[in-house]
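Just below sit the structures, each encoded as structure tokens.
Presented sequentially are two complexes of subunit A, the first with subunit B as partner and the second with subunit C.
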Partner chain A sequence: MIWTFLDTWIVIIGVLSAVACALLGNYLVLRKMSMMGDAISHTVLPGLVAAFLISGTRDVFPMFVGAVVIGVLTALLVQTISRIGNIEEGASMGVIFTSLFAVGLIMIRQTADDIDLDPSCVLYGAIEMAPLITVDFLGMELPRAAVSSGVMLLVNVLFILLFFKELKISSFDPALATTLGINSTLMHYLLMTLVAATTVAAFESVGSILVIAMLIVPAAAAHLLTDRLWLMILLSAVIAAASAITGHLAAIIVPGWFGLGDTSTAGMMATSAGLIFVGVFLAAPRYGFLSRVLSRARLSQRILREDVLAMLYRRAELDPDSGAATLAEIRRLLHENWRVGLAVKALSRKRMLARNDGGWQLSPAGEAEACNLVRSHRLWESWLVSELGLRPDHVHRTAERLEHVTDSSMQEELFKAAGSPDQDPHDRKIPGNL
Partner chain B sequence: MNVHLRIIAAALILAIPGIASAAGHHLALPSASDLWRVLSLQDYNTRVVILGTTMLGGAAGLIGTFLLLRKRSLLSDSIAHATLPGIAAAFIVVSLFGGDGKNLVGLLLGAAAFGTLGMGSVLLISKYSRLKDDAALGIVLSVFFGLGVSLLQLATRLETGNSAGLNSFIYGKTASMLFRDAMLIGVSAAGVAVICALLYKEFTVLAFDQDFAAAQGYPTGILDFCMMALVVLVTVIGLQAVGLILIVAMLVTPPAAARFWSFDLRRVLVTSGIIGAASGLFGSAISALMPNLPAGAIIVLVGAFLFLLSFLFGSARGVIPQRLKNRQTSLKVEMQHLMRAFYELAEEDGAAEELEKHPVKFEQLLRERAWNSTQLKRILRRARRGEFLRVGADGDYSLTRAGGRQARKFIRNHRLWEMYLITHADIAPSHVDRDADQIEHVLDDAMIERLENLMNQTDRRLLPESPHVISSQKGEAS
Partner chain C sequence: MSLTNTRPEATPLPLSQGEEHSESSPLSIHDMTIAYHRKPVLWDIDLDLPEHHLIGIIGPNGAGKSTLLKSVLGLIPRASGRVLVYGKPFDEQRHRVAYVPQRESVDWDFPVSALDVVLMGRYKRVGWCLPIGRTHKKIAMEALDKVGMADYARRQISQLSGGQQQRIFLARALAQDADLYLMDEPFAGVDAATEKAIIALLKDLKSSGKTVAVVHHDLQTVGSYFDTVILLNMRVVAYGPTAEVFTEENLNKTYGGKLTLLTDAAEALARNQASIHRETKSE
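What follows is the complex of A and B.
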């Protein structure tokens, strides 16, 4: 790997555009409008060509205006068609952006001799070449892409800082925003304008795939990590920057492992954002896939442990001489297999079960806990029959679920509400009565 | 016209010079003989292309309808973009093992595998995280496409195999479709049509109410997979024809257009298939006539044009028929309100019995309702044309017999409903007028009969008294 000043500039440009996109992306994701970013980044194509044809130059300004106009027009068209024609927004977006993109392709084909706008350059971008095109900025010779995306980043940061409250309210509750005197339609189109502007700024340098990826992926990942808007924005910026840096590294390093040269930096930046997203999707503390699976597994294991205790209690109640239960017997009685072993081991660690001639028996602590559970169960059964009027043979299942979430104060209330019963509806003694 | 429409119109007008100068550049209009040659399918090549795109359009329109009903139109966008890494990976793998990287079977299998993977990822993300569909679609689309671009660039660096032409999967190369490709499209399209016909009932239930389908015992998971697999199939076979961005249009536009024509799913399906086929047919015919125009883009634009026509003129939901219908209703309502105003004015003067002989001044009518003089003049003109009223020598208006009949009928409807609201819905007499104003026009005979029985007003010659003070009288009193 050879790192040159070019690589430094590529990373700088990548980070600037990625962060600029990611900032706005937060609001797109929260407003459920992520695909609008995709649509706009396709439809700027005809906007650029039209701007070129009208102005006759490839200057930044007309191009910029053309793309912003078409970007806002896209948002307008999508919403108008979906509202007037009463069709789903996704469908109207699909119709609009493909049509405008097709118009763009035809315009490019027709003017191929006068204009060197290569559609594939638009899609993949040429970030590798971007540092070579320089402009004079405040007396320094800087890459044009760095200047344009830096300016865009600054504009977006200012936009978010200035309108943080307005954006927040109109994103989460447009109706409330309107009653508070905030023009949420205006906010919406300001946002769309900035999305279009950012897309154009990032467009020539990094290509539209990177724009779409950076608009959506970092913000989506950040959304899985936090519930606070400012933190989400901050995290999305960090994730965007990280994907840009690792993306470029991956583009020049990974192909080398297979004896090949380098590959598309923009593509790899999008890919590495995707990998970061996968990591977050799996491992996010509260909203992650694994933490959900884990907390569910933990809950069901706790319930199983409690079932083991209650089952042993009832077994001893039915036949005081039954003695210790073997693991196989517990498994059979609970219709569970390998998880029982784990539950029993955990219970013996907590000293709730004790070993006794080849089997397991409740320890005094376990007996107290089991007594508590069975008490909850039977109180629920009594209450369901006496207060709700359910049939005695219909209440076991409900009680079986509720016993795991009943604390002592609730037990007391149940006891009172059910008329301080001594026995449950199946004529079993309710344990623990004073 | 609302402000959005005006802004759009202005922007489109501004863009016209650009588009026109772009189009005018190299467009040579076809000669008559060219036109004949294409339309009569004399060229072998044209024949293949037209046949292929027509069948593709039909199949996409068919399965796209279910996609639209499931509110997953843009899923096709994600699937299409997700195929790119599959194509590039298939090329790389096959080339590394010494095969011909551009073998179509390999490429399409790779595309199908990654298309399915992309589709699965979208469904997985939106099911197992707090992110909504749109974010899931965007993530899969951009990440897979980014990966695809990187792999594609790697493919160009392979020593074995020539990767030139893989790009055509992005933009399509309709004009160079081979007989083999058309055959593949034909077989797949037939397969899609047969499966849609066989699973019509199941797909319909699934599309409208997934929970109901599950409650009916349908294997919704498998059915859903079948439906989405068909979408992947159409996407993959369409890649070569129109490219991965424009295949989205073939899946989304025809169904969206067809929905404007009918409320009946069967008809929507057929219409959508026809619109898809027509855009394929005319699109490729136009591009055969004018070789400068890329066929894929033209097919999409023909589809968009058909969408626009349907949007405006569609018989079921089209904007113009709907507006016309609304206009007709509001005209009818205005007329009936006018007749009632005549009656109420006559009643005020104690002349309700001789309604037709009671002349009314324009100013009196104007005070009766919230209409301005222009509106009232227009309604009066229409009433005269309908021979509901006549103008006296001194410019006063009075009702004809037909007008009187109308006035009595709607006064009666109005008051019956008011009485019903007061006695049966416990609404204060001062609050029932507005409600009755809206309902009086749509009460049918059966409803009137039930109201009459409830209110003991079975004699149709008698008109009930208004249960509240009529507003114009109140206005004069205060």
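What follows is the complex of A and C.
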């Protein structure tokens, strides 16, 4: 691998475009209009061609104006059609952006001779070439793509800093914003204008795939990581930058492993964002997949431990001379297998179970806990029968579930509501009555 | 269409219905008609809300109760008619009106804390582009304290129960420090304790000189909650002091044809006459 000044510029351009997109993406994701970024990044195509046909140049400014106009028009058309035609917004978006994009393609074809806009370049961009097209900026010769995406990044940062409150309220509760006199429609179209402008700035160098990915993926990943808006925005920027850097590294390193040449950097940057998202989705502390699976497993293990205690209590109640239960016996009685071993081990660590001639027995602490659970169970059974009028042989399963979530104040309430019973509907004593 | 505009503590309605139309009324609605997709949902609404009152807006599903509030606030365009807030157009009186939308109208997964939501009630006063000052934060905290949610200020809003979320919305309205409060079903899906806390708060607002209009569903509690009711079903069926207007006959007209609701209403009336302040069961 040889790192040249070209690679440095590719990474800089990638980071600037990615972060500029990601910042706005937060608001698209939170307003549940992520696909609007997708739509706008496609519809700018006819805008670019039209601007070229009218102005006859490929100068930045007319291109920019053409794209922004058509971008805002897209947002406007999507809303109008969905409102007037009573069509779902996603459908209306699908209609608008495919038609306009198609028009753009036809326009390119028809004018193919005198235009050097290449449809594939629009999709994949040409970030590898971007550092070579330079402009004079404040006396320095800088790549044009770096200047345009840098300016857009600055504009977006200022927009979010200045209108942080207004963006927040009009995204969260546009009705309240309107009644307060904060024009949420204005905020919406300002946001759409910036999305269009950012798209165009990033477009030529990084291509629309990367633009769409960066508008959605970093923000979606950041939302899984935090409950604070400012932190979400910050994290999305970090994720976007990380995707761009690792994307380019991967693009020049990974194909080498398979004996292939460099691959599309923009494609690799988007892939890298996708991988980061998967990582976050799996490992995010609260909303991640693993933490949910883990907390569910922990809960079911706690329920099993409680079931072991309650079962041993009932066993001793039926036959006071039954003595200690072996692990095999506990497994058989609970219709559970390997998890029981873990539960019993945990209970003995908590000193709720004690070893006694080859088996397990409730310790005094375990006995108290078990008594409490059985009390909850039987109170629920009594209440379900006396208050809801269920048949006594139908209440066991429900009580079995509810006993694990019943605290002492709920017990108290149940006890009163069920008429201070001494026995459950199956004529067994309710333990723990004073 | 004749409307029963019995205004409770009212000076008689002036015959000329011009600009001087009830200067002191928190909300006067005049010949207002609202249409969705050309189908009228509210017809010829004519109302003058009295000051310092707690007003219930009652009616079956689809009667246009929420629409009534939204059209007053300019969230839904009016086909015709005029709305005045304390004698002036709503645009000039925004700061005097607080709105509590239905709880389901927002995304509770939005990454903001309870305090953030309450602070939104202060945004207009803070001003465009400016950071939120300490006074505003103090006012928001006080509002949270009033609804018993001060301990939850830093909580993300999706971690709150339905009742707690409703309290946050209420705190936000309090933070707006308005004179007229319009609330869309603040009691929907809340627990008994929250309902009690909310109604106590609304009665406080009333006794401190505010006017509160509430879209309400539970006919059983109408008698004990509101001193004035608006019975609505695409038009104002009856309007006036609860004791006079909340009658079986008027309810029949409002809920006309809907048998189950009628039975409910009849039951509620019977119960109310037996004992108005009977506690509702918490189940």
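Assume the second predicted complex is superposed on the first by the 407 of 434 C-alpha atoms of A that agree within 3 Å, B and C clash if a C-alpha of one lies under 4 Å from a C-alpha of the other, contacts with A are read in each partner's own complex, and residues count from 1 in each chain.
To be clear about the criterion, a contact is a pair of C-beta atoms (placed from the backbone, for glycine too) under 8 Å apart; a residue touches a chain by one contact, two chains touch by 3 or more.
As the structure is a computational prediction, the values presented were derived from the model and not from experiment.
The superposed arrangement places subunit B and subunit C in clashing positions on subunit A. Once the two complexes are laid over each other on the shared chain, residue contacts for A:426 go to neither subunit B nor subunit C. When the two structures are aligned on the shared chain, A:111 is found in touch with subunit B, with no touch to subunit C. Once chain A of one complex is fitted onto chain A of the other, the partner contacts of A:394 are absent, as it touches neither subunit B nor subunit C.
When the two complexes are overlaid on their common chain A, residue A:86 makes contact with subunit B and with subunit C alike. When the two complexes are superposed, the chain touching more residues of subunit A, out of subunit B and subunit C, is B. By the document's definition of touching, neither partner reaches A:298: not subunit B, not subunit C.
Using the contact criterion defined above for the overlaid structures, shared-chain residue A:229 touches subunit C, although it does not reach subunit B.
In the superposed model, A:355 makes contact with neither subunit B nor subunit C.
With both structures placed on the common chain, the touch criterion links A:175 to subunit C but leaves subunit B unconnected.
Contacts of A:32 after superposition on the shared chain: both subunit B and subunit C are touched. Clashing C-alpha atoms with subunit C appear in a single stretch of subunit B, chosen from 203-211, 347-355 or 419-427: 419-427.
Residues common to the contacts of subunit A with subunit B and with subunit C across the two structures: 32, 86, 223.
On the side of subunit C, the complex with subunit A involves touching residues 37, 70, 73-75, 91, 94, 97, 99, 101, 105-107, 110-113, 116-117, 120-121, 123-124, 126, 128-129, 132, 156, 158, 172, 176. Contacts from subunit A toward subunit B in the complex involve residues 29, 32-35, 37-38, 42, 46, 49-51, 53-54, 69-70, 73, 76-77, 79-81, 84-88, 90-95, 98-99, 101-103, 105-107, 109-111, 114, 119-120, 123-124, 209-210, 212-213, 215-217, 219-220, 223-224, 251, 255, 258, 260-261, 263-264, 266-271, 273-274, 277, 281, 287-289, 292. Residues 30, 32, 86, 162-163, 165-166, 168-169, 171-173, 175-182, 223, 226-229, 231-232 of subunit A are the ones touching subunit C in the complex.
Only residues 4-5, 7-8, 11, 14-15, 17-19, 21-23, 25-27, 68, 71-74, 76-77, 125, 128-135, 137-139, 141-154, 157-158, 167, 170-171, 245-246, 248-249, 251-253, 255-256, 259-260, 292-294, 296-298, 300-301, 303-304, 307, 311, 317, 319 of subunit B touch subunit A when the two sit together in their complex.
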